[in-house]
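Each in structure tokens, the structures are laid out below.
Shared chain: chain A. Partners: chain B in the first complex, chain C in the second.
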Partner chain A sequence: MSAIASQIGAVALRSITRTARQPASWIPPILFPVSLMFVNAAGLDASTQLPGFPTDSFLAFALAVPFIQGALFSTMNAGTDLAGDIQTGFLNRLALTSMRGSALLAGQLGGIILLGLVQAIVYLLVGLAVGVDFASGPLGVIVLLAFAALVSLGFGALGSFLALRTGSGEAVQGAFPLLFVFLFISSFNAPRHLMEVDWFRAVATANPVSYLIECVRSLIVIGWDGQALALGFGVAAAISVAAIALSAWAMQERLTRT
Partner chain B sequence: MRIWPVASGVAWRTLKIVYTNLALFLPQILFPLFFFTAFAGGLSQVSRVPGFDFGPGYTAFQFCFVLVQSAAFGGVFTGFGIARDFESGFARRLLLAAPNRTGIVLGYAISAVVRWALVAIILTVVALLARMNVFGGPVDVFGMYLLALLINLCGVLWAAGIAMRLRTIQAGPLMQMPVFLMLFFAPVYVPLDLLNGWIEAVATVNPFTYVLEAVRSMLAGEEAHVALAFGLALGMVVVFAAWSLRGLRKAEAAG
Partner chain C sequence: MGHTRNSIEVEGLVREFKKGPRAVDGIDLHVDPGEIYGFLGPNGAGKSTTVLMLTTLLPPTAGTARVGGYDVVKEGPKVRSVIGAALQEAALDPLLTGRDHVRLQATLQGIPRTERRQRADELLTRVGLSEAADRKVKGYSGGMKRRLDLALALVHRPSILFLDEPTTGLDPQSRTALWDEVGRLAREEGVTVFLTTQYLEEADVLASRVGIIDHGRIVAEGSPTVLKAEIGLPSVHALPAEEADRARLVEVLARFGEPLGDSSKDVAVRLREGLAGLPAVVRAVDDEGVRLASLEIQAPSLDDVFLAKTGRSLEGAGENGARPDA
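Right, the complex of A and B next:
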């Protein structure tokens, strides 16, 4: 195994072990989105009676939300853990070794992707357990898991960037309300074509989170919708590329040898 | 025995901390506005669901929920401040200095009411600018705010009880999660009649349901469950006042 691969493996293993040892890091990202989904689905079930609503099960409609909300939590996990490493001086000590910044970042993100996949599998199992039919079938489930991994990578890299720039766990946590705003001002509770308030529909249309949710939703509710998939994967890929580039730059700045 | 100097001192200090710290001041203002925008703007089509018959419209329907929610969470946020005071050691010094310690709880409660009053004013102005309809008369509107104020008191007294027992900010989730669940297990998006399944069963026994329905009915000028809602809210204030005072005694005993 090459040196960089073993470095990535070591950091990824550390990231996974650290997350696994702190139930507070992985239980809320799994439980909270599922709880919110059940509450919203129960409260908004009546809206499936609206003409043009894409399904007669609000639970199937709402199942897309935990996938994206869970990924938002990944931002916090990745950022808070990395900020902790900066605050405790661990990153400075690493800077004295031959560890490459790219390996550190890749390893860190590897752990986040694994957590994202575990979350996605739990959400899938919850959906199946409550009787949601996946319109896209078994192949759609595989595509859904790939999408969940990509979204976790994007938001995880975003959290890493925030941590590397600020060096503060509190600052990373402070960004959470902003990310939550993106979730709420999207199509997470209603299809965009049914939104009656023009300005809200315009904001939801401009909000990239809407396309992430609609990509997952299309696989669950509609089947194979090429446009929704292209937009969802396109937006997730764009977020990932931009966030990784920013994180790599911030890591370089943070690990500058003097 | 000299309760007012203690209460006014604690209230003044708490308000000064909140209003001179943007990180504390902004979230309490922005979160209710954000929920109001997201729910009233993004879900207005729900008013077209067969059986939805709230006269003033969906904006008013959601305004009532956000008003009650802001009241409850305004109280809980004050509880965070109490926990922070214990962590920093200020509250212990306060326990030593106060001639009447009940005034400490009263002071925190007063600050919660003042904090929420500003939120309620801003929220109301924004809702009116968004062309919210108000069909109730002045007495109805007064009753609506009075009921929300009682919920604010419930929130702060509940959170104070937790903060004084655990005396750490890590108790934050314990303060807010039960309140969050009680609020969202009420008819948030549609009236109780349109709920089905488990949420209907839970909402029917949830006291917040009747508070929320009473607030909405007063805004609509068609009072329903008002006496029951005031009775429940007053009952909760009494229970949580006892809870917070017991918490104060536990904090005293802990030294």
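Right, the complex of A and C next:
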């Protein structure tokens, strides 16, 4: 293994070890979205009677939401961990080694992706356990996991950027509710074409989170919808590229070493 | 590189922060290979800022510094390859074990996979943490954290070691253990040690040479013995039994030597005639009818050197002259 790959692996392993030893950082991101899904499904099940609703199971419809909600939690976890490293001086310790800034970022994000995948597998298992039928089949499940990894990467990089710019875990946590608002003004509870309030439909259409949810949802309830997949992967890739570029720049600014 | 391999050479080093004074204001210093150099000064004097520049973590505003023969600005990665550093706070991850830390550091420092386990065991044993190696750091005492911090700084066998206030907050036993290890590193392994401290005793015990920094400038440099010998004369410290007699006591003692700054506790002067002047002091105090609660003679200390050079005592100097960013 090359030196840089070893370094990325070591930082990723640390990120995973930290998270595994801190149940408060992985139990809520799994429990909260799943609980919210069941609550919503219980209350909104009648929506499936609406003409044009894409499925007769609201649970199947709502299962897409935990994937994105869990990734949002990743933002906060990645950010607060990195901010903690800045505040305690651990980042300086890492900066004193021969490690490159890009390796540190890649390692951190590698850990986040792996944790995002674990979360996604749990959501999938919950879906299967309650009888959700995956319209896109086994291949769709693989695509779904790949998408979950990409979304975790994007949001994780966003959290890292916030941490590197502010150096404060509190600031990262402060930004979390703002990101959560994007979830609630998206198509997370209803298909956009069935939204009767014009301004809400317009906001949901402009909101990139809608396309992330609809991508996952298409794999679960529709099957292979090229447009939904292209939009979802496109938005997720754009968020990832932008957030990684911003994080890489912020890392360079933060690591003032010569 | 020749003789510069383990040395530190600094010329006119300056660091300015935005909207602040110069934290480091043009310092020059030279540390020989295998030497323990004590960098002594109050809080905010510029010690940590200097260490951050010498360890490549902070670019200087002006001046040059070569560490291990490498320029800290132009050859940062090479500098980092020959130095180890334990910075002011023991920056450890509370959720990782001691062994996790050493392995992570060994990987990031490029130690081959086959050597990592052995190196971790060796270092943890050396700093007395082999039994606690698999416990999470959040359960470690301050002394254990400092020892782990030292082990991490040594993972890649650096030839120059920077220790920024390594014993601050430690109990006397942990402090002595750390001193022993630092002394051994310099003595047996030829490691050059740049040690910042605000403890006079630490500099006195460990350092072969001391640089005293105040307000970003080096005000004195030399071996502790030579510096103290420069001051030469002992001082007498008297505490009046009645506070009302303080002014008279100041006046009486001033006849016998140079007053040693203001203190709310005792009145002190450096005896112009050395110990020979002491009987006359006692007689004069008695003649004036000043009753004393205590009278002490003190040999010159590094604090006296600091006082002589800055007009202030090192103890408490940080509160009066500290710079928040230094």
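Structure notes:
Quick note on the criterion: the second predicted complex is superposed on the first by the 257 of 258 C-alpha atoms of A that agree within 3 Å, B and C clash if a C-alpha of one lies under 4 Å from a C-alpha of the other, contacts with A are read in each partner's own complex, and residues count from 1 in each chain.
Going forward, a contact is a pair of C-beta atoms (placed from the backbone, for glycine too) under 8 Å apart; a residue touches a chain by one contact, two chains touch by 3 or more.
None of the values given here were measured: they were computed from a predicted structure.
When both complexes are superposed on chain A, chain B and chain C end up sitting side by side without clashing. Shared-chain residue A:Val39: touches chain B; no touch with chain C.
Touch criterion met: A:Ala204 reaches chain B, while chain C stays clear of it. When the two complexes are overlaid on their common chain A, residue A:Arg14 makes contact with chain C while staying clear of chain B. Remark: in the superposition on chain A the angle formed at chain A by the CA centres of chain B and chain C amounts to 90 degrees, rounded in steps of 10.
After overlaying the two complexes on the shared chain, residue contacts for A:Thr97 are found with chain C alone; chain B is out of touch. Residue contacts after overlaying the shared chain place A:Gln49 against chain B, while chain C stays out of touching range. Contact with neither chain B nor chain C is seen for A:Leu109 once the two complexes are overlaid on the shared chain.
Applying the stated contact rule after C-alpha superposition, one finds that A:Met76 touches neither chain B nor chain C. Of the two partner chains placed around the shared chain by superposition, chain C is the only one that A:Gln22 touches, whereas chain B remains out of contact.
Between chain B and chain C in the chain A overlay, the least Cα distance found is 19 Å.
Put simply, chain A uses no single residue to touch chain B in one complex and chain C in the other. Listing the residues of chain C that touch chain A in their complex gives 55-59, 72-74, 76-77, 79-81, 83, 85, 87-89, 91-93, 95-96, 100, 103-105, 107-110, 113, 136, 152. Residues 39-40, 42-47, 49-50, 174, 177, 181, 184-185, 189-190, 194-197, 199-200, 204 of chain A are the ones touching chain B in the complex. Chain B makes touch with chain A in their complex at residues 23, 27, 30-31, 34-35, 37-38, 40-46, 48-52, 184-185, 187-190, 194-199.
Contact residues of chain A toward chain C in the complex are 1, 3, 6-7, 9-11, 13-14, 17-18, 21-22, 85, 88-90, 92-99, 256-258.
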